[in-house]
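The following pair of complexes shares a single chain, subunit A, combined with subunit B in the former and subunit C in the latter.
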Partner chain A sequence: MTRKRPRLVRAVRIAKALLSTQYAYMLEYRAEIALWAISGVLPLIMLGVWQGSGAATRAGLNPQQLSHYFVAAFVVRQFSVVWLIHVFEEDTLTGKLSPYLLQPLQPLWRYFCAHLAEQATRIPFVGFLLIGLATINPDLLWRPSAGELLWGIAALWSAFILRFLLQTLAAMLCFWSERAAALDRLLLIPYLFLSGLVAPLDTFPASIKRIALATPFPAMVDFPARLLSGLPVDLGGGLLSLLIWCLILAPLCWWGWHQGVRRYGAMGA
Partner chain B sequence: MRRSRTLATVLQFWRSSLEAESEYQLNLLLECLAVAGNLGGSVFVLALLFSGQSTLGGWRWDEALIVLGLYTLLDGFTSCLLQPNLSKIVNHVQQGTLDFILLKPVDTQLWLSLRCLSPWGCPALVAGCVLVVLGLQRSATVIQAESIVLGAALLLSGAAILYSLWFSLAALSIWFVKVWNATEVLRYTLVAGRYPVSAYPPALRLVFVFVLPVAFMTTVPSQALLGQGTWQWAIGSVLMAAGSLLASRWFWRFALRHYTSASS
Partner chain C sequence: MGNKQQLIWDLPPLDSIRVNAAVYGIDAIEAKRRVSELADMLELGEELHRPVRKLSLGQRMKAELLASLLHQPRVLFLDEPTLGLDVSAQARVRDFLAEYNRRFGATVLLTSHYMGDITALCERVLLIHQGQLFHDGDLEALTSKLAPFRQVRLELQRAYPMAAFEAYGTVESHQEHQVMLLINRNCLTETVAALLSNFPVVDLEVNDPPIEELMRSLFSAAATSALP
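On to the complex of A and B.
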């Protein structure tokens, strides 16, 4: 009689298998990932425009802080990219989800591991881009203190999880609609303009800043970027906001999944 | 005779793709919301950049709105024609369906570039036009017919440059197969065209004129519309457009010579 394996050992084994296969898969398409890394240049373009405008100085950011902020935002954006809804839409439409449902593993973990593997593949490319930036202008880079780096990475990773949860919730609409990915375009708009990706939150008028801070978006870019670039930041408040939003979204995702799977048509089965 | 057959084919293509797209009527609402949101956000960021100062890189507020309007217009053009067609090239290469297209008695580049027409870029086209007209009216310049013609011609060459860039990048998939995001890279870097080129630091300005000719797409046509364009710039822009169209044609033929079908 075989003894039942402890749950933790099983989980570690599954995680190892998923991560290593997904990492191998991502490495195969490394050219694609290099291109994705380049496509995240938006904060650097915005840095160019902001440098030419005096508005940032008037909002209390000196040129060095401004450039560090946008370079940090660039790094945050690189490691919090979530594309779940596009893959999930295809998998539900073509019925690829069906075999995953038969396995004794929640299929969302597979997608989650794919995102982690992609982040790992991305590290060298982001490194190259940063080295490139440093050769153009060494002042653009800085050495964050150990604390800043540690908290910054923790916040960055929580921001990624928050974004993943938000998109999971949107992706659950794939069970109801054929074109749920279009919804992602709408979600991207507040993310783009309220997260601090294209303009530091400090430059916002007070009323709009208050509205922005009431949404989950500033926690996704502004908070980790400020931590990494060493700007003054409310550490406890930021982490709390990340935690609260994750706690709100996680049960909604769980509920959406259970409602959705019942409606799943299993195309091609 | 042959000309008219090509035209009839393209019209037939567009009718069928419009019919197919009209199945998704909710898309219109989503698209309108997306355009409104993006435009609102862009104007907001522009207002932030202008806060406390009257010019950005030498451009006044109303003039900068024209640049933003032309960007929105080209974005609509991208959603109508470029994105639905050129983003499929990669799939054709990956799945080997390019073979069937090569066998059709239609020019392959024409088929790949004009097969689909999506109505979902229309909200952006309308919004872009409105913004340009608004900006022109409010900027204190006298509007001359001559500058409108010049501006329109330059916008057309900007669109031609944009098409050639997209098409050449998509054609790279013949070698690298899974590069459907190469065009995404283009889309994200072209965002730079939302602001006048002179708002950027000098080094970036050079990039936006010679490497990634964003300047020819929005800034140069805007200057022409405002009556500040010169015929030299116009000739330069048209030459660049013609050159890039020819280059994309040549590049596609060159790429096809390296095509090794996925299925056989």
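On to the complex of A and C.
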């Protein structure tokens, strides 16, 4: 007989089972994950571009701060990658979502755990890339203080949750459209330019910076990257921004899920 | 259980089963006991330790069944559980479902286009055609409804003209020593007795028309709006 367990104990057991299983699954794709890690070097390319110009200096960043910022942005990017919409689109179109809907667990938790497992699989590859960078130029790396590291990791993980929520909301369109993943490609443009991935927000004209700060994108890269690299940052403001955006997006995702799942009916589902 | 797989493709079925055990709140010892019991019934062994992608379709389907039944559902919705399986795998899945039903008293709602599934497993048959419930009852009643006759095959010592049998029923085929008749179920016993006393019968066989043929005739009749 199945005994009734306290909810927390059950949640921990489900999380452990899902994470260990998904980690084993991701290890099967470690070669692919290594390639993904290498393909996330855009911030390092942008570092090369910015180093040759004087724009960063004019924005008040010295060359070392600039390089630390982009290396931190590289790390943030590596551990906040979200690919939910692509698998969710396939799962809704092919009916793979159906068995999960019958189980007493919100299916999105499976995708969330898969992302966490993928991040864990990525750690050694990112480590190798950072060691490679240090070999080429030891000045590119630095030792953050305990506080910077702690807050930086907290902000990075919150940034991942924010990205996950944003993409979950977009993924809910899979219930209405067969090509909802195209929206993610559209979202990539503001993400690239407004998040601080191609340029630190300080280098933006004041009006553009104001617009960027009114969106969730700077909280996804600029804020955690500044924390990790030790640049001056409004800690309270950044965390508040992350919290507010998460609080806005979470109920929208919940609403989107409940509206969408009612009309879900894949072939053979 | 639909025909969409829930097992993780690159991992052994046991990994997915472990997740299901956690999701349904089944403790590890109990989960192990249930896996062992179901694996015995399904004749699954080391397949549970091999990646799903390396299993045959039949093995995969059995592993899917195990994963779906771990929490011992009281009602099973099975959508084409034998689809694409070879004949022996189909038989094993059918045997398992019958045994599961006996052992756990679960209600099984089975959707299938294979009449073999229906004849082997279903005590109650609901036939839905174009959104209309055509039949709700046992298979025998459905057969009687669709075909109120039985097929009688006679092998005779010598040849008789076809006209000699027309008084007994509809002559379906006639080949010298062999005759196939369709005889109304209500007067089957008397008619067969009369045939045996009036003709030198070497062999006699009474069959229901194949259910597949009955279905086919039903659906073609429906296509020409002549549903019985």
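To be clear about the criterion, the second predicted complex is superposed on the first by the 265 of 269 C-alpha atoms of A that agree within 3 Å, B and C clash if a C-alpha of one lies under 4 Å from a C-alpha of the other, contacts with A are read in each partner's own complex, and residues count from 1 in each chain.
Rule of thumb we're sticking to: a residue touches a chain if its C-beta (ideal position, glycine included) is under 8 Å from a C-beta of that chain, and two chains touch if they have at least 3 such contacts.
Because the structure is a prediction, the values reported are computed rather than measured.
Trainee: Which of the two partners, first being subunit B and second being subunit C, lies in contact with A:T94: first, second, both, or neither?
Mentor: In the superposition, A:T94 touches subunit C alone.
Trainee: Report for A:R13: first if it touches subunit B alone, second if subunit C alone, otherwise both or neither.
Mentor: It touches subunit C, and subunit B stays clear.
Trainee: What is the contact status of A:Y25 with respect to subunit B (first) and subunit C (second): first, second, both, or neither?
Mentor: The answer is second: A:Y25 touches subunit C but not subunit B.
Trainee: Is A:Q51 touching the first partner subunit B, the second partner subunit C, both, or neither of them?
Mentor: Touch status of A:Q51: first partner only.
Trainee: Spot which of subunit B and subunit C makes contact with more residues of subunit A, would you?
Mentor: Here the partner covering more residues of subunit A is B.
Trainee: Once the shared chain is lined up, is A:L186 touching subunit B (first), subunit C (second), both, or neither of them?
Mentor: first
Trainee: Go through the superposed model and pick first if A:A199 touches only subunit B, second if only subunit C, both, or neither.
Mentor: A:A199: touches subunit B, not subunit C.
Trainee: Does subunit B (first) or subunit C (second) touch A:S39, or do both, or does neither?
Mentor: In the superposition, A:S39 touches subunit B alone.
Trainee: If I apply the document's touch criterion, which positions on subunit A are contacted by subunit B in one structure and by subunit C in the other?
Mentor: On subunit A, the overlap between the subunit B and subunit C contacts is residues 29.
Trainee: Where on subunit C is subunit A touching in the complex?
Mentor: Per the stated touch rule, the residues are 1-6, 8, 10-11, 15-16, 18-27, 30, 68, 71, 79.
Trainee: Which part of subunit B faces subunit A closely enough to touch in the complex?
Mentor: That would be residues 24, 26-27, 30, 33-34, 37-38, 41, 44-45, 48-53, 56-57, 176, 178-179, 181-182, 184-185, 187-189, 191-192, 195, 199-201, 203-204 of subunit B.
Trainee: Inside the complex, what are the residues of subunit A that reach subunit B?
Mentor: Interface residues on the subunit A side: 29, 31-32, 35-36, 38-42, 45, 48-55, 58, 136, 178-179, 182-183, 185-186, 189-190, 192-193, 198-199, 203-204, 208.
Trainee: Quick check: in the complex, which residue numbers of subunit A touch subunit C?
Mentor: 1-5, 10, 13-14, 16-18, 21, 24-25, 28-29, 94-96, 98-100, 103-105, 268-269
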